[in-house]
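Each of the next two complexes has chain A plus one more chain, namely chain B in the first and chain C in the second.
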Partner chain A sequence: MTDVNRNPLIDWALRLYVLACFAFVFAPIAASFVFSFNEDRFPSLPLGGFSTEWYRAVAADPLVWDGLWNTLVAGVAVSLAATVLGFGAAYTDYRYRFFGKTVYLALALIPPTIPVVIMGLAMLAFLSRIGLSGLSWSVILAHIVICAPFAMAIVRLRLSQIDPDLEAAAWNLGASEWQAMAHVILPFARPAILAAFFITMAVSFDEFAIAWFVSGLNETLPVKVLGFLQGQVSPRINVIGTFVFLASMTLVILAQLLLFRRPAPEPNP
Partner chain B sequence: MFHYNATNLPLQGAPGSLGRPAKGAAKKPPPRRRRVTLYGLTFSLPLLAWQLLFFLAPLAFLVALSFWTVRNFQMRPDFDLVNWATVYSNPVFWQTYLRTLVLAVGAAALTSLLAFPCAYAIAFKLSEGARRWATFLMVIPFFTSYLVRVYSWQIFLSDHGIINALLGRVGLGPVPMLNNTFGTMVGYLTLAFPLVVLLQLFSLVFVDRRLIEAAHNMGARRLRTILEVVVPSARVGLVIAALFCFILTFGDFVSPLYLGGGNPPTLSIMITDTTKAGQQWPRAAVIALTMIATLLAAAFGAVGYAYKGRAR
Partner chain C sequence: MQDLDLTIQKGEFLAIMGSSGCGKTTTLRMLAGLEAPTEGEIRLRGQRINDLPTWSRDTPMVWQSLALFPFLNVRENVEFSLRMRGMASAERKRRAMHWLDRLQIAEFAERDVTQLSGGQRQRVALARSLVTEPEILLLDEPLSALDAHLKVRMQAVLADLQRQLGITFVYVTHSHSEAFSMADRVVIMSRGRIEQVGSPRDIHGAPRTRFVAEFLGSANIFSGKVIGRDGAHAVVETASGRLRVDPAARALSAGEPVTFTVSGDRVSLSATPPAGDLNVIQAKVVSEEFVGATTTVHMEAADGTELKAQKSHAELAQIEIRTGQPVFVSWPVQQAHLLPAAA
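This part shows the complex of A and B:
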């Protein structure tokens, strides 16, 4: 904190503005939660009575359970594969220099910046051509493409903090490259690997557009939500929304705790 | 293809060797340069193969697809410019293109302006601990279902929604906030605001505070300090943040459709309509490729501007 620019009024106005920004960002999440317990069909103020009727309606809908199952299967498969691929790419970036590395990194990091509509169309056309569209794992193939870059970025962040002498020291002590990987690199990167697993699951869990294009009949939960959106207003979306928010917030919070946990203080001898 | 990163290898010990000069039958140290090992390939190849097969190949196929023809509702491989001609000669396409561009540029400007005071305050007016918390909280919405958040805005913005109910109590309204540009912008902010704040914040925390103090000591007032010291120092991050906002909003179809009403459409809505309606995928491919070209131009332009006059 600097002592310059001290004008308490402006400082407080700025702090209030930050609070207003957070209110804007979290308002839709909070509203979804509040109105999922509202007995009125059309959301408005004042609130109607407390009711769990929409939760019961959602729980009784077999389509929702199918969607949830598809989402879970895809989420686990995608996050496992994306984390493995992303770790490999991050380690490649950390350890090697080679001709064409810029292109390699671009291929590894660019996919999430391509609009999902375009990715969806390209994947649908391509997968139809090679006979893989509309299968239960079409979504998984496509999601790995956009999730692996997140995993790579997270693991890369962690590997950039490793003491580069450590791996070399292991080699000098007689470890093979594989042993150094197993006993030095992997343990050091473990929090980031877990965080990457959670984040990629959250990304896959929330991705709806590509899934909507390529899923055919095996719709994931967000694709169901998209279907609901095109239909009538229904408080059931608030219920699904609350569930989706809780799930992805849990994953993202876990990932952040793993990544930014302060290191335990070193015991002083 | 691979050789060891020399800076990562200060001990210069080759794996498996004991780090001493070879004694008698000791293992020969492997050559350090231009060595492709099974070990290295195990880690680098899977991602490369995956992205070539399921990222680059689909995009390349999109290019091929744009030259295919559609007869009797069947797509056939062909090399015909008819789709490009059809799409590009349609004035509706160009109106839509212009509208999408203006909306995305507007969203990038609006989001940057609204996010800057927030990022500035988090960077300079909060304690270390509060800044950590603010960052922690801003990351969450970025990974939290955008689709459901957009749906949720309808609760606030509809004619009978929360805001109009509150306005009604003081005898105002109802103010139409859905199915217009206002609704679209609220959606775009929902999509991009957290990311823009984070990117701006990351560049602001690296602004040299001594520069700010110096400007103040020389009598610059707050606003002048911000405009002439803080903003130029953080230019790269601010431009990149605006670029990401442009990329996200230019390609988004959810906000313009569900909050903006979808009519008149944006390019992404055109793509979803054309694709889902049937066999006109080649035309959708033309629209998609035009969008990619626009995004590439915007990215190169913005990055060039961000680093202008700077040694990289």
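This part shows the complex of A and C:
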């Protein structure tokens, strides 16, 4: 089918442009992926033979397993707590009108806009003062602070789409406030809640700067990677990078699928 | 809202109407417990229910937006209030299906509510509210989203349902035709006050205030001062000339300001001055408006007063109606309705 309103030349140029953008973004990641299977120690061309040696090396390294375990524990704990907090904040915004609400919203959304180095330093200073720095808790606490606003923003977007009569209709049909929450608000917001869970987990997985400041001996994987890099250049970094990339992408794509699922067909008039 | 005093009879179909912002929806929401009056009492069967939260009231409402739960299918929507009351699943389903059947949408029970047409969604909303078999049903402009022919059909469904079930319907609308065709009694509200309560026939025949007469829109309204008597009739000096009116039981003294209305379907139009004992005003045709089998002729008297006449097409065939055409508007004296003094 030809469309007389479109210029084929411009169409092709735009396609090329999009391809170029993707190439720019993904080339380093792709390179890391390719070199993770390269038998040479240094990333140089031409490539040496195919090898899974570095994967075996990573799998055999207890430090990597340690870091991965810390990252996983922190990721799950952070995403659970941040999603609960974010939902609470978003629901407060949806349901109530009160004095100072604008300030409340601004404060709730501020943490991700603070430079991470400053955030990390501040966290370290604060947590060490109250005796919580360097514990397995420390990274979790710090990450909840930066992740909860993401969860709030995602859930808030969904709640802004709800028919404002829906909750009152549930009360009117005999649901107590808790029942209405469980049977109307939560089911309605479920896709956004799950998306918030995955996104916050991805943010926690990737976050490096704050974790570097507060993690102490309980280093998460990104902090470990920096340690490796400072010690030696090793293709193991490529292996870990590939894994972290795959894990984060999976979480983000899951969240996108939940958030942008095709809406239900419009009702007939 | 001010000084609202209204008693709703068990089993009646009460329509509350008024223009937007008049307090009709607020009244309904106070009955449902979604808004609280600053003072005064709301009673149900003589019991004060002011402090009863909405979920303990059993005053289900049909919402203007319908407010169906989009993540539940049709049957689950209808079962909702039974589920909230902890009823077992089999019994819930049986009752929900009974109501879906009664509203003739049982075949859609397992569909998503988003897959239904406007009329079907309307029926789901009704079934959902009726499934607990409440004594009273509140309806907030439930038909406003439907197109004209569907509206008329749903009116019939609603009126039948109310008569069969014998439960009280409180129906808020801004539509004359909905209120006057279905309701036993109509409440007309303006700026948070009740202007008039009565049967559709009473309100139409005898509006109590100028607001009601204007709101109904079908009557010609004249205001003026009494200047004397002509036999049994009072003579009123109005902007459109001297008109005679039947004082009914009122003793009108000279100089007293009065307002009276003449329904648009009670006036006659003619090209030449009519003979007989009539009030006559000369006017010019402004426009014609076809409303089904009748035509409303809008006219303007010499002083600018708007006049209107509702006539069948056959009646109008006798006289030429063109914009700017002079016509004589006349009515027998006793056809005018004098508004009570307070107005």
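Following the convention adopted for this analysis, the second predicted complex is superposed on the first by the 250 of 269 C-alpha atoms of A that agree within 3 Å, B and C clash if a C-alpha of one lies under 4 Å from a C-alpha of the other, contacts with A are read in each partner's own complex, and residues count from 1 in each chain.
Following the convention adopted for this analysis, a residue touches a chain if its C-beta (ideal position, glycine included) is under 8 Å from a C-beta of that chain, and two chains touch if they have at least 3 such contacts.
Computed from a predicted structure; not experimentally measured.
Once chain A of one complex is fitted onto chain A of the other, the partner contacts of A:Pro187 are limited to chain C, with no touch recorded for chain B. Touch criterion not met for A:Leu105: it reaches neither chain B nor chain C. Contact with chain B, but none with chain C, is seen for A:Arg97 once the two complexes are overlaid on the shared chain.
Using the contact criterion defined above for the overlaid structures, shared-chain residue A:Ile29 touches chain B, although it does not reach chain C. In the superposition on chain A, contact of A:Leu72 is made with neither chain B nor chain C. Within the superposed three-chain model, A:Leu166 lies in touch with chain C and out of touch with chain B [touch as defined at top].
Contact with neither chain B nor chain C is seen for A:Leu157 once the two complexes are overlaid on the shared chain. Of the two partner chains, neither chain B nor chain C is touched by A:Leu80. Contact comparison for chain A: of chain B and chain C, B touches the greater number of residues. Of the two partner chains placed by the overlay, neither chain B nor chain C lies in contact with A:Leu135.
On chain A, the surface touched by chain B in one complex and the surface touched by chain C in the other have residues 165, 168-169, 171-172, 174-176 in common. In the complex of the two chains, the chain A residues touching chain C come out as 163, 165-166, 168-176, 179, 183-184, 187-188, 190, 264-269.
If you check the complex, the residues on chain C that touch chain A are 32-34, 53-56, 58-61, 63-65, 67, 69-72, 80-81, 83-85, 112-118, 121, 128-129, 132, 147. Considering their complex, residues 1-2, 4-5, 7, 10-11, 14-15, 17-18, 21-22, 24-29, 31-32, 35, 42-46, 84-89, 91-92, 94-99, 104, 107-108, 111, 113-127, 129, 141-142, 144-145, 148, 152, 164-165, 167-169, 171-172, 174-178, 180, 199, 202-203, 205-206, 208-209, 213, 222, 225-226, 229, 233, 237-238, 240-241, 244-245, 248-249, 251-253, 256, 260 of chain A touch chain B. By the touch rule above, chain B contacts chain A in their complex via residues 1-5, 7-19, 37, 39-40, 42-48, 50-52, 54-59, 61-62, 65, 114-115, 117-118, 120-122, 124-127, 132, 134, 136-141, 143-156, 160-162, 165-166, 189-190, 193-194, 197, 209, 212-213, 216-217, 222, 225, 244, 247, 250-254, 258, 268, 271-272, 275, 281, 284-285, 288, 291-292, 295.
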